[in-house]
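Pasting the structures here.
Look for chain A in each of the two complexes below; its partner is chain B in the first and chain C in the second.
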Partner chain A sequence: MKKNKWGKIYLAVVFFVLYAPIFYLMFYSFNEAGNMSHFSGFTLDYYKEVFQDTRLLIIVLNTFVIALLSSVVATIFGVLGALAIRYMPRPFTKNSLLSLNNVLIVSPDVVIGASFLIFFTILGVKLGFISVLVSHIAFSIPIVVLMVLPKLQEMSPTLIDAARDLGASQWDVLSKVILPYIAPGVFAGFFMALTYSLDDFAVTFFVTGNGFTTLSVEIYSRARQGISLSINALSTLLFLFTIILVIGYYFINQRNAKTAQALEVPKK
Partner chain B sequence: MKQLVRIFGIVVVAALLMMGLTYSLNKSEGYSGGNTLTIYNWGDYVDPDLLKKFEKESGIKVIYQTFDSNEAMMTKIEQGGTTFDIAVPSDYAISKMREENLLIPLDKSKLPNMKYLNPRFMDLSFDEGNKYSMPYFWGTLGIIYNKKMIHDIPFTTWNDLWRPELKNQIMLIDGAREVMGLGLNSLGYSLNSTNEAELQEALMKIKEMTPNVKAIVGDEIKVLMAGDEAGVAVTFSGEASEMLSQNKDLEYVIPKDGSNLWFDNMVIPKTAKNVDGAHEFINFMLKPENAAINAEYVGYATPNEAAVKLLPKEISSDRRFYPEPDQLENLEVYDNLGKKMLAHYNELFLEFKMYRK
Partner chain C sequence: MTRRARTFYLIPYAFWILLFVIAPIVLIAYYSFFDIDGNFTFSNYVNFFTPVYLKMTVSSFWYAFLIMLFTLLISYPTALVLTKLKHKQLWLLLIILPTWINLLLKAYAFMGIFGTYGTANKFLEFIGIGTKQILFTDFSFLFVSTYIFIPFMILPIYNALEEMNPSLTNAAQDLGASRWTTFWRVVFPITLDGVKAGCQAVFIPALSLFMITRLIAGNRVITLGTAIEEHFLVTQDWGMGSTIGVFLIIAMFIIMFISGAKRKKGAVK
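Let's look at the complex of A and B:
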């Protein structure tokens, strides 16, 4: 019992440290005084400002378009990649591919960003939407692979053999056996890719250009002048939006769990 | 499988809808279309209304993009892949960009409004004859202090920073040229000194200040000073003006024994696609009424003599940010000392940072 109490306190402290800055920031987004040093009164001016700043809105939308598209594409490539790695017949190639995948995850963003910049300029690609999208897809793929692989590995090969015995084609095996089984991993990969793309600064910084930019880059360059409270307001909105996303993800999971249960019932 | 396809389908549709929304927003802002001008500037460093005004007057659509350091901006321009028509680097960055052939010379015949500029801010060492650049904003390096916390020190010279009663109270900006410069200035030397003996002497002198130094920091100065959490800081006037507007107890002074005069200037990078439009924009920004609007919005000092007259009295008569001509006499612009000398400055600064008493 006592142990349990300490554990709870520890957890509370950890969550406080994690969330306090965010709530601090959200609190001051309603500050009339216009700075973060003292609170003088309640106002919604900064929210109004956000919705009036068309340039900022365009940047927010850009950020989301990039995040959604890049994570969908990265999920597709990542799942295919994970399948290829899982069913690679030669262990040496398999391990090498896996290590190459992991190298990309641990290598510093700045290095990846700089190499993308050089890569795109050598190819003569104009920096902008395409360059940002491609690089976000690229750095998200290894994450998806890493999220999907464990699911694939935990899946028993007998499942596939059974499906084959029952006359399933290659495509049937993939779409009716493997994909439903690894779906939680796929979603996890998708959401990881989404968050990576949303908050990436280092890579994006190098590959934005010609009027196309994302939120992280914009906020960073505004910081030199001291961050205006409209950024606080915007962050609050984004935070709420993320919470909605997480809740949505939770319900999808719940439903999946229920269908899984429903499927298991007849077995009894 | 069906579920996966459905969910990802929804996501893609959502993304496409947002793209459509962006497109229509862009259109309502007038960003699409052929005749555009891409401006690469510091974050929040221009009045957005001025950009709209320029679009209306010239028929050119403005695309505005931001950077946060000279080095970052130079990397982007050097690598290409972008089509920035205007950039706003600081003084030393201009001489570097000039050396690396990243700039297009200005066509003065298209810039009639340059006559309004204060000659004091023209023809400086980083761009002699203003072949490549036109001043945008300028400022100084000085001391900001909290009157509530420090009562009887006037901070008229750098030497006041060495007073023993300031123990552990000073925040310095994290820049080799700035800190070495104040050491040199306090001894009466030029802040562009390349004389080894003078440099060593300056290093010895700033080392003696270490007991007073609370921290060597960057942007945090703003928050700490505005929040009454530190007494004294050495920083740039632009930053100072912002802190002053947030905290009434702060005061900014330019030390009498000399200091740095800095500039952010408009240039046309090699990557420019719309060189005519770029000239038109520079000329537009040099127009006194526009320069005044911009200076009021951004809060930095304008080099435009005619614009200063248009500013409200309480801004233009503020000697802290628009010093008298004789105060300007002592101020120096950073010379481009070359890679080797700069590395030496950095080394000495590092030695100072590591020195603890």
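Let's look at the complex of A and C:
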């Protein structure tokens, strides 16, 4: 069992490196000295600063509004897209749709950002809330499709046939048969879209104009000016929020696994 | 599924593909033929093949390759150890957790750690090496980029290891293979698809990291991504920026083709 011990030590080092910067930020957010090199005393001043900074709070609000709105819309489009791909009769069209779907996922962020910037400028869309929102919707849709598609694929087509035979309308089939079945995938997709939107920097940086900023763009411009501990305080708050989100995601996954188990039982 | 329902599902999605997948790529390609004054020209492509841009492209690929290599070297053993743990799902979640923290915050943290009076320098002083310039060097750029991509490499490798049939390693050991032979001849080839997926997930974004180069490398490292950002948002030379974008897209397709084609071959076997 000697090998196992070394493995665990190695893993501990990896975990240490992964988490060190995060806890480093959190630790210095309480530093009275106002820098990240020497801890002089405990203070909550920077948290006060964050909560008194109206501009920053508006930016936080913007970020959440964009994230929530874009993930809701992207989820609707993504579910429709997944249905379209799943029930596409011609394999060639199906594969083409899937490849096109993946273009935005594998494209480098800078290229997406730059191309959207050209696109919005040509259309005459003013850079700001609308352009950021639309971009976030656009890059979240393929993620939702990829989360929903496996659920649709494992759903037996006989379920739909049975519902149709029993006289269900098209809408009933969708709302009473398909959607409940794929719900875990839809939630996972919504969640992923939400985190992608909250986390995005590169695309937003390109399509945001003067006067509208999201959190990551704001952090970037502040960080370029050097170290300011209100960023540390903010990151601590964000970290706590992220943990809450992750716990939520974990429970959705758990439920996912449970429904999968429950559905498998009758088959046997 | 009736045809009408199918069309109903397809229309909004096809609309999105047309507007946000096809149109932007076409626009990038179109703009690459215009110079800064809006005249039609091939000069951007001619410029791209001058030593300045070629050198930048080569160094960009070299850095991306190094980042990918370091990430792989750190991630593979980590994934291997992870699969042998008791509560592996929970540990995996903890590995992924840092990716949910904003990338810029992590870069910002390293500005503090690697700074002149930062923790890294204090440590160097403590062990007697003395203060060094760490921030704004190639080392700090590679370190931070590798740090950021580790979870994206661990995840696909972990999944590949989990899918592997454990009886294969047992069989290898029964037939007298050493631990190393078992790993190198059995485990690694089987999980190669995961490694490829991980490399793809690291290499392409690594080509376009522009915020890290600005914050951590202090403009010493210029990647293709930095150049695009510079042309679009600073010098406003959209034509040249688009040309670099076109090459980045071509590079992306080549990389996907290499990893994708091989995967299909593996499936046939």
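Remarks
Methods note: the second predicted complex is superposed on the first by the 228 of 268 C-alpha atoms of A that agree within 3 Å, B and C clash if a C-alpha of one lies under 4 Å from a C-alpha of the other, contacts with A are read in each partner's own complex, and residues count from 1 in each chain.
Keep in mind that, in the parts below, a residue touches a chain if its C-beta (ideal position, glycine included) is under 8 Å from a C-beta of that chain, and two chains touch if they have at least 3 such contacts.
On a predicted model such as this, the values are computed, not experimentally measured, just so you know.
Aligning the shared chain A places chain B and chain C in steric conflict. Once chain A of one complex is fitted onto chain A of the other, the partner contacts of A:V125 are limited to chain B, with no touch recorded for chain C.
Touch criterion met: A:L11 reaches chain C, while chain B stays clear of it. Shared-chain residue A:Y220: touches chain B and chain C both. In the superposition on chain A, A:L117 makes contact with both chain B and chain C.
Counted by residues of chain A touched, the larger count belongs to C, out of chain B and chain C. When the two complexes are overlaid on their common chain A, residue A:G211 makes contact with chain B while staying clear of chain C. Legend: residue contacts after superposition of the two complexes on their common chain; A:D199 is shown touching chain C, with no touch to chain B.
Contact with neither chain B nor chain C is seen for A:L166 once the two complexes are overlaid on the shared chain. Of the stretches 128-136, 218-226, 290-298 or 308-316 listed for chain B, only 218-226 runs into chain C once the two complexes are overlaid on chain A. Residues 35-37, 117-118, 205-206, 220, 223-224 of chain A are contacted both by chain B in one complex and by chain C in the other.
Listed in rising order, the residues of chain B touching chain A in the complex are 1, 3-4, 7-8, 11-12, 14-15, 18-19, 21-22, 25-26, 28-29, 31, 36, 38, 42-45, 48, 63-68, 72, 75-76, 79-83, 219, 222-223, 226-228, 242, 246-247.
Residues 1-2, 4-6, 9-10, 12-14, 16-17, 19-25, 27-28, 31, 74, 77-78, 80-82, 84-85, 91, 93-95, 97-98, 100-113, 115, 117-119, 122, 147, 150-151, 179, 200, 204-205, 207-208, 210-211, 214-215, 224-225, 228-229, 232-233, 238, 241-242, 245, 248-249, 252, 256 of chain C are the ones touching chain A in the complex. The part of chain A that touches chain B in the complex is made up of residues 35-37, 53-55, 57-58, 61-62, 64-65, 68-69, 71-72, 75-76, 117-118, 120-121, 124-127, 131, 175-176, 179-180, 183, 186-187, 190, 205-206, 208-211, 213, 217-218, 220-226, 228, 252.
Note for the complex: chain A touches chain C at residues 3-4, 7-8, 10-11, 14-15, 17-22, 24-25, 28, 35-38, 77, 80-81, 83-85, 87-88, 97, 100-101, 103-104, 106-119, 122, 138, 141, 160, 170, 174, 195, 198-199, 201-202, 205-206, 215-216, 219-220, 223-224, 227, 231, 235, 238-239, 242-243, 245-246, 250.
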